[in-house]
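Here come two complexes built around subunit A, the first alongside subunit B, the second alongside subunit C.
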Partner chain A sequence: MIRFILLQNRQGKTRLAKYYVPLEESEKHKVEYEVHRMVVNRDSKFTNFVEFRTHKVIYRRYAGLFFSLCVDITDNELAYLECIHLFVEILDHFFSNVCELDLVFNFHKVYLILDEFILAGELQETSKRAIIERMSELEKLD
Partner chain B sequence: MASSNSLMDSLFQRSLEDLIKGLRLGESTFVSKSLDEIRREIKLTDPSTKSVALQKLSYLAALHGVDMAWAAFHAVEVVSSSRFAHKRIGYHAIAQSFSDQTPVLLLITNQLRKDLSSSNEHEVSLALECLARIGTDDLARDLTSEVFTLLGSSKALVRKKAIGVVLRVFDKYPDAVKVCFKRLVENLESSDPQILSAVVGVFCELTSKDPRSYLPLAPEFYKILVDSRNNWVLIKILKIFAKLASIEPRLAKKVADPVCEHMRKNNVGKSLLFECIRTVFSSLSDQETALKLAVAKIKEFLVDDDPNLKYLGLHALSIVAPKHLWAVLENKEAVVKAMSDEDPNVKLEALHLLMAMVNEDNVTEISRILMNYALKSDPLFCNEIIGSILVACSRNSYEIIVDFDWYLSLLGEMARVPHCQRGKEIEHQLVDIGTRVKDARLELVRVSRALLIDPALLGNQFLHHILSAAAWASGEYVEFSKSPYEIAEALLQPCTCLLPPSIRAIYIHSAFKVLVFSVGAYFSAQEPTSSLLAQESTSSGSSVVNGFTYDSISSLVSMIELGLCSLSGTIDVEVQERTKNVLGFIGMIKHEIAEKPTSQDSETEAHRAMAFMEDVFSEELGPVSSTAQEKVPLPKGLELTENLEDLQEICREVLEPVAESNSSSFHTSDKVSFSVAKLTIRDQEEASSSLPPPPESASLLAEHRKRHGLYYLSSQKSDNHNDGDGNDNNTSNEYPPANEISVDSFKPKKKISKPRPVVVKLDEGDDPKTKPDASSSNDEPLSRAIQTALMGKGKGKESVKDNHDINVDTENIGQSSRREKKKKKNGERSSKRSSRRRRDQEASVTKPVEVPDLLL
Partner chain C sequence: MEQLKTIGRELAMGSQGGFGQSKEFLDLVKSIGEARSKAEEDRIVLSEIDTLKRKLLEPDIPKRKMKEYIIRLVYIEMLGHDASFGYIHAVKMTHDDSLLLKRTGYLAVTLFLNEDHDLIILIVNTIQKDLRSDNYLVVCAALNAICRLINEETIPAVLPQVVELLNHGKEAVRKKAIMALHRFHRKSPSSVSHLISNFRKRLCDNDPGVMGATLCPLFDLVSEDVSSYKDLVSSFVSILKQVTERKLPKSYDYHQMPAPFIQIKLLKILALLGSGDKSASEIMYMVLGDLFRKCDSSTNIGNAILYECIRCISCIIPSPKLLEAAADAISKFLKSDSHNLKYMGIDGLGRLIKISPDIAEQHQLAVIDCLEDPDDTLKRKTFELLYKMTKSSNVEVIVDRMIDYMISINDNHYKTEIASRCVELAEQFAPSNQWFIQIMNKVFEHAGDLVNVKVAHNLMRLIAEGFGEEDDDADSKLRLSAVESYLQIISEPKLPSLFLQVISWVLGEYGTADGKYSASYITGKLCDVADAYSSDETVKGYAVSALMKIYAFEIASGRKVDVLPECQSLIEELLASHSTDLQQRAYELQALLSLDARAVESILPLDASCEDIEVDKDLSFLNGYIQQAIESGAQPYISERERSGMLETTDYHSQDHHEVPSHALRFEAYERPKPASVPTQASTELVPVPEPSYYREAHQPISTSSVSERESSDIKLRLDGVKQKWGRPSYQSSTSASSTPPQAANGTSSHPDVGVGSSSLKPRSSYESKKPEIDPEKQRLAASLFGGSSSSRSDRKSSSGGHKPAKGTANKPPKENPIPVQPPPDLLDFGEPTATSVTATDPFKELEGLMDSSSQDGGSTDVMGLYSDAAPVTTTTSVDSLLSELSDSSKGNPGIYQSQTSKGLNSKEALEKDALVRQMGVNPTSQNPTLFKDLLG
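Take a look at the complex of A and B:
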């Protein structure tokens, strides 16, 4: 099960944070700070999985943004790496060559996409096409 | 605040974009200004303004840590709007900020219900997402029926989300199982891959918490395992089977074949391949073909350049290492290469694997290699290496160590590694080996001497523990040392002022022991007339000549006196007390140290005192098990009545209960814990095992038992105790005195070269009693509910498959009194089965779960 998703830039600013487990505000800050510190210090040649408290963080860096996913110890790491990549592809398709600013100014849309993608900590949709279709439907409603 | 009162601002609300732009401009008070604006705007009645304000607030809360709990009520208001855009913003805010404590949680129940039953699938999905995130017990209970309907909805999208929500609902409200479980299971047979992946995901989570309840569903899972082509689904199914197969071995055999099929495919995705390998290693490791295939595939992972794959390969190997070491040994070179990798994760995994490969023959070699690595690595990894060596070597009472002399010198080496921070563990082992392995004491003293003499080590605070162990060992086994003078000098050197007082106290005490030993040897050497004494002096225990002349002994005494003089005024009480003790003793015997024996009268006060002290230190201290205290039987005749309890209350401050002895303290075995309360509980256990108590205390016991019956063991157990010592684990209730242990419990091991020294084992082993796994009591109602549900449909499973269509049609039946409907549906299927079904439903829950015959 996914515990939280974080998108952070290299300076440590959080661009997106979605938690699937209940956490206090102060704890959330602490978590974001720790994850950022851990992820930013790792060399690009190292593995993409790190142990974090009693869970695992799977991360990948795309341009200036770190996409971090915190999952249970028993989960399949490679699958979640794929999951991160899928998410990035969808964002790219949706915003046409997405950049960090797009995410900043359209944060509600990013949350929408994320909600289509992951529900209650589990991956619910793995087809890029399906999500894109749904998003265009939702756009029409707006 | 004044600047924001312009006409522009009050007429037009700042949109989200403006907010973000403003934030990026970096005005420091912008956040608080916007917050004030938002507070104003959100109280207005116009829904659009409200919703935009809420959206801005969500943004600030999500990314700038602003608290938005105060806006909970407004979020509820926004959600009740009919416009979809507003609803969306409202639900987003709710999902983000509501928690179990939000007071207005009750208000959204109705709104959720309305939206869940709405015909617009988007509204439904919004509501479902929200429920998934914030569902509480009440919400789950109230909305179960809606979720149930949605589980059978014709729109795949909605069904999928409903399935996702089911997990949370089950978690919070286990009774929902009765209602929803059947639908959930039906979805397992769906042909739509998206729904399938959602269902499988839910089952994966449920199974990891409680595998036994889902065993009856194994045939369905098996079908999916064989048929599906979707990697995500397969990975989840494999996880489910990993859990199921570990509790049901027959499943393992059946599942091994499809798993191998998947592994053999040409272009199988790495993630799926890894999951197959992991499943094989963890649960199917008894299946020969599967295991061999998995090991072959792992080799590919290990040699790959991608660090991810390398790490995963090592990780998988460490799963299989305990049972099938040959797999690890085959890949030894890859493991050793990985030790010098740059990534700390990879290095750590390689280290663990290396330690798994350690056995008697190669321990010296591997330790040598590892120590070289340790010297070259960063502090963190260095300590990891040292820690793992210590753990591996001390496992099972130092099982793999044959040559203790080498091991002790290794411990000494570790102390000199610059980054070493494992002082406590090394200290523990040094002392442990000293008390347990007689033959190694010579080497121990040698190693300790080397450590004590070096003044440079005193400054390193991590080494203090090791030094205290060295000091203790030197004092305790001083008879083995070549030059006690040197030891005493080292113990009292000026640099010891860098040590903390507690360790200093140990140093002084060891110096005392050295003094006693030396003076004792001198006195006994002074009397060559008595043959008994001559025997004593020759068998004084060491293999080296103890040539104590008058000069040497007087210089020793004066050196000790000099060294301790300065300490007699220290602030620390422990140090001061010990110093004064030693100085007092010296004062008592000093004048007796003469060049030749003064008279035949060996009964001078000094001699008597000397003999006394020697006695004190002559008894060997043995290792004490951590549970030894509990085994001490009560002395007979000790009456434990309520009177004593009153005494304890009165004298609580005075009579502090003596702490339980643990394995690193050195009480002799006679001390009985004075804690009255503990005695009263142990009373029953011990009293029943020793002779029957005298009649008067029997009545007292009975009285006591009436008062504190809660704490007593059942009488049946005490009968077993009385029947005799039929204890199967070889522990007698009487704790034998320390000297007898070595006779009972030594394990001789004959080797071609030097025989392994005797290691004294403790009665019950060394590891602290591990607590039994606390089973999660929260899942009890859930498991029971699921088992009931599966029992009920167990017999009729075939008919479930046949009548799947009927079920789909009957979903439109109304929502009330679901249970009757379910029973009615069951009855509709076949009258033959109805009687059986009723019987099954009355069957007790505790009946063991049956594995369907399909699999056997």
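Take a look at the complex of A and C:
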């Protein structure tokens, strides 16, 4: 199960944070700080997995942005690594060539996309097209 | 000129900014981006909070404005500030009729509120209403919120409606309803236990998305109760088969694998169902074999599926053919240059090793490379593997390595884990008592405060009871060596408390036992301990008890006791201690000193810690009294269990029942992972303790006495499983090599060099011919780690066939890779944008470069100039794409994702976007260079 998803830039600024388990505010800040510290200095050759307390963080870097997923210790690391990538592909599709600025200014839309992709800590839909179609229906409302 | 026009148009849009937000909001985001320090950022956010507080109170806020305020609240919260003053407005917004606002409201509350927040109660009603809505988008929004906000208490309020929605016409609704039920099941299994048939039905849903989502709850259900789902094995297998045969819509393909995420989920379920079930496993053979053939091992996702197959095979009862396929996949992983794949390979190895123990042998060098890798994640995984493959022949090397690593790290969580593993391995496989005590000393010294108290009790017990059942001589030798080592360590500064407790206890029991050390020497040391750790009451308590024992032994043996002056002053100090525990101990000690030899002997007999003390747990001596009371009209006692009407309380503690089937509140954050090794649930059951060997310790009022008693039952239980391995056989094998079975030929583990010599001689010659650069140090390590089995293997070979060298090389070549090949472009490594090829030009990067040069040059800050410079690049290539690196790396598979095909169009879009950003003031002019720095590093 996914515990949380974080998007952070290299300075550790949170661009998006979604928690699937209830955490206190202070705990969230601590988590964000710790995760950033863990992933930002890792050699690019190293594994994209880091143990984090009693779970593990799967992260992937795109330009200046780190996408981190905290999952159970028994989960399939590679699958979640690709799950991040699928998410980025969806974002890329939705924003047509996504850049960090898109995410900064449209973070609320990113949350909406995420809600179509992952729900209650599990992958809900893995078809890019299904998600994009749903989003375009929502977009029509704007 | 085109750009100028764009900018003009954007300017004309006025306050309504390009991204659908007002200028105010964009300014906020921009100024946050520009903030040079955390303090500055905080200042901006605080003033924004003030603004919002004011604005939210204004009457008649237009809806669009209101929506934006809420989004601004979300932004504030995301930056780590408290926006709770606005929560109520978000809640109100969920009541709005407009879907746009409703959705924003739901989004905000799911981000703001935890499921136990007071405001939830105001939303439940709205959710109920929205679930009935005709607009399926409203229903979806409500279901999204349910997945985050509904807790055990509110489940019943929405459950019937959610169940109804399982048959909704829109697949999106069915999917979300399934996920909501899945979430209910996690929160409170009993709430949905009657709905299991619904999940089964949804498995056959026409929409693959719904089917895929249904696998989530089914996985949980199956893992709780495998036997009820055996009938689904063939269904799952046939779904998996259909998926692999590309029967699902193409849109589920990911990097040319058909619905890989669904495949992985299915494999996880199959692993559960096939575990220990031959006939179920057999149904899976075919499809698993197909998967191994079909999976594209050049992509990550293909490897993810392969890895899941390996996991599945390690759970089910596999066929030899599948095992072989799994082993092949693992060796591919291990030979890869990608750390990720190596990691997966090591993990897979750890899983398969329990089925085919030989499998690690051919990868020994790869394993050692991983062990010495600077990447901690990989290293730890490798330690996990070593832990699984430890046997008496390699325990010393492995535990030494583990301890070295343990000393080198600061992460307490992992330190605890590795320390407990060291202890476990040492208990199981220790070749000698001295070694065991040495290892325990090291563990305690470096991770003492992290070690479970049980471990300390265990160690004390082992020293007290000895290892050989009848060999008193060996026992006393062991005790002596323990005492000696402790006397050496005791003067070191800052020992962990737990370790000092062990030391004190052992010195008290056995310090003077064989007469090597005088009572005054030992008591002096104990007083030093009590003195040096005067703030630690537990240690002091242990020290005083130890003093008492020493003096008791002296008195009992008729020697005259001279109480050291420092000891006398210690007693006096403790007589006035604030701690009643210490006070009592001091009084007891003082009283004891005045008793005669016979009395003392009966109070504290020598070496009585192993004596069995009968504990009458049923309190049968009270029976007469109870009988009398009942006869005179008292109510018979009803146990708490019967009173509360819950008869299966013991079940709650079994590991798989992580939920209490009642509607009690439950606020758990992270579930604790199941302990990897030690079965702890035993401790919760009230098993009569056959040998409460710490009774003497426990009855002295240590604050944790009840705990330690329970602990001792635990120790007892645990050791039973370990005993054979620990006890005689391995102990003997180290002392009398003649009796060892041939397989443990280098069970001459006390001289690892012999093992190295014999086992690595032949392999080494073959290495040298093929791969001269292998570090001999590594080979030694390999031999000592894998030596046991490899030597036995080569023995087997030499007896079967004559030409050893050929066989030796045939066995080894896979891992020989003479020239370290330049790693192929790592698919995962999107690390440095600069490392990618020219096609992936990042205009922001360029702008940054330009910006730099312009700031150096001083003058030329002409925005348009910059722009036209950048333009030629952007028209031909992808622009500011996070995925640009991706497109580079996936060149081999053209058309993998569609945005690639529409690049031409995108470049124009990107231009516009760029212009837009610029227009909003987010441009690399001298005004705000830090935003750019911030965004692109």
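We adopt the following convention: the second predicted complex is superposed on the first by the 142 of 142 C-alpha atoms of A that agree within 3 Å, B and C clash if a C-alpha of one lies under 4 Å from a C-alpha of the other, contacts with A are read in each partner's own complex, and residues count from 1 in each chain.
FYI, a contact is a pair of C-beta atoms (placed from the backbone, for glycine too) under 8 Å apart; a residue touches a chain by one contact, two chains touch by 3 or more.
Predicted model only: the values in this text are computed from it and were never measured.
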Going by the contact rule set out at the top, does A:78 touch subunit B (first), subunit C (second), both, or neither? both
Which partner does A:64 contact after superposing on A: first (subunit B), second (subunit C), both, neither? second
Quick check on the superposed pair: does A:21 touch subunit B, subunit C, both, or neither? Answer first, second, both or neither. second
Identify the partner contact of A:130: answer first if only subunit B is touched, second if only subunit C is, both if each is, neither if none is. both
Do any residues of subunit A touch both subunit B and subunit C, and if so, which are they? 1, 13-14, 16-17, 20, 22, 25, 29, 43, 45-51, 76-79, 81-82, 104-105, 107-108, 111-112, 115, 119-120, 122-127, 130, 134, 137-138, 141-142
In the complex, the residues of subunit B that touch subunit A are 16-17, 20, 24, 55, 58-59, 62-63, 65, 67, 84-85, 88-89, 92, 99-100, 122, 128-129, 132-133, 157, 160-161, 164-165, 167-168, 194, 197-198, 201-202, 205, 208, 230-232, 235, 239, 269-271, 274-275, 278, 307-308, 310-312, 342-346
Residue numbers on subunit A that touch subunit C, as the complex places them: 1, 3, 9-11, 13-14, 16-18, 20-23, 25, 27, 29, 32, 42-51, 53-55, 60-65, 72-73, 76-79, 81-83, 85-86, 88-89, 91-93, 96-102, 104-108, 111-112, 115, 119-130, 134, 137-138, 141-142
If we count contacts the way the header does, which residues on subunit C are in touch with subunit A in the complex? 19-21, 26, 29, 33, 71, 74-75, 78-80, 82, 99-100, 103-104, 107, 111, 114-116, 137, 144, 147-148, 172, 175-176, 179-180, 182-183, 186, 208-209, 212-213, 216, 249, 251-252, 254-255, 259-262, 264-265, 268, 300-301, 303-304, 307-308, 311, 339-340, 342-344, 374-378, 380, 413-414, 667, 669-670, 672-673, 826, 828-833, 842, 844, 878-883, 885-886, 897-899, 902, 905-906, 909-910, 913, 917, 922, 934-937
Show me the residue ranges of subunit A that touch subunit B in the complex, using the header's touch definition. 1, 13-17, 20, 22, 25, 28-29, 43, 45-51, 74, 76-79, 81-82, 104-105, 107-108, 111-112, 115, 119-120, 122-127, 130, 134, 137-138, 141-142
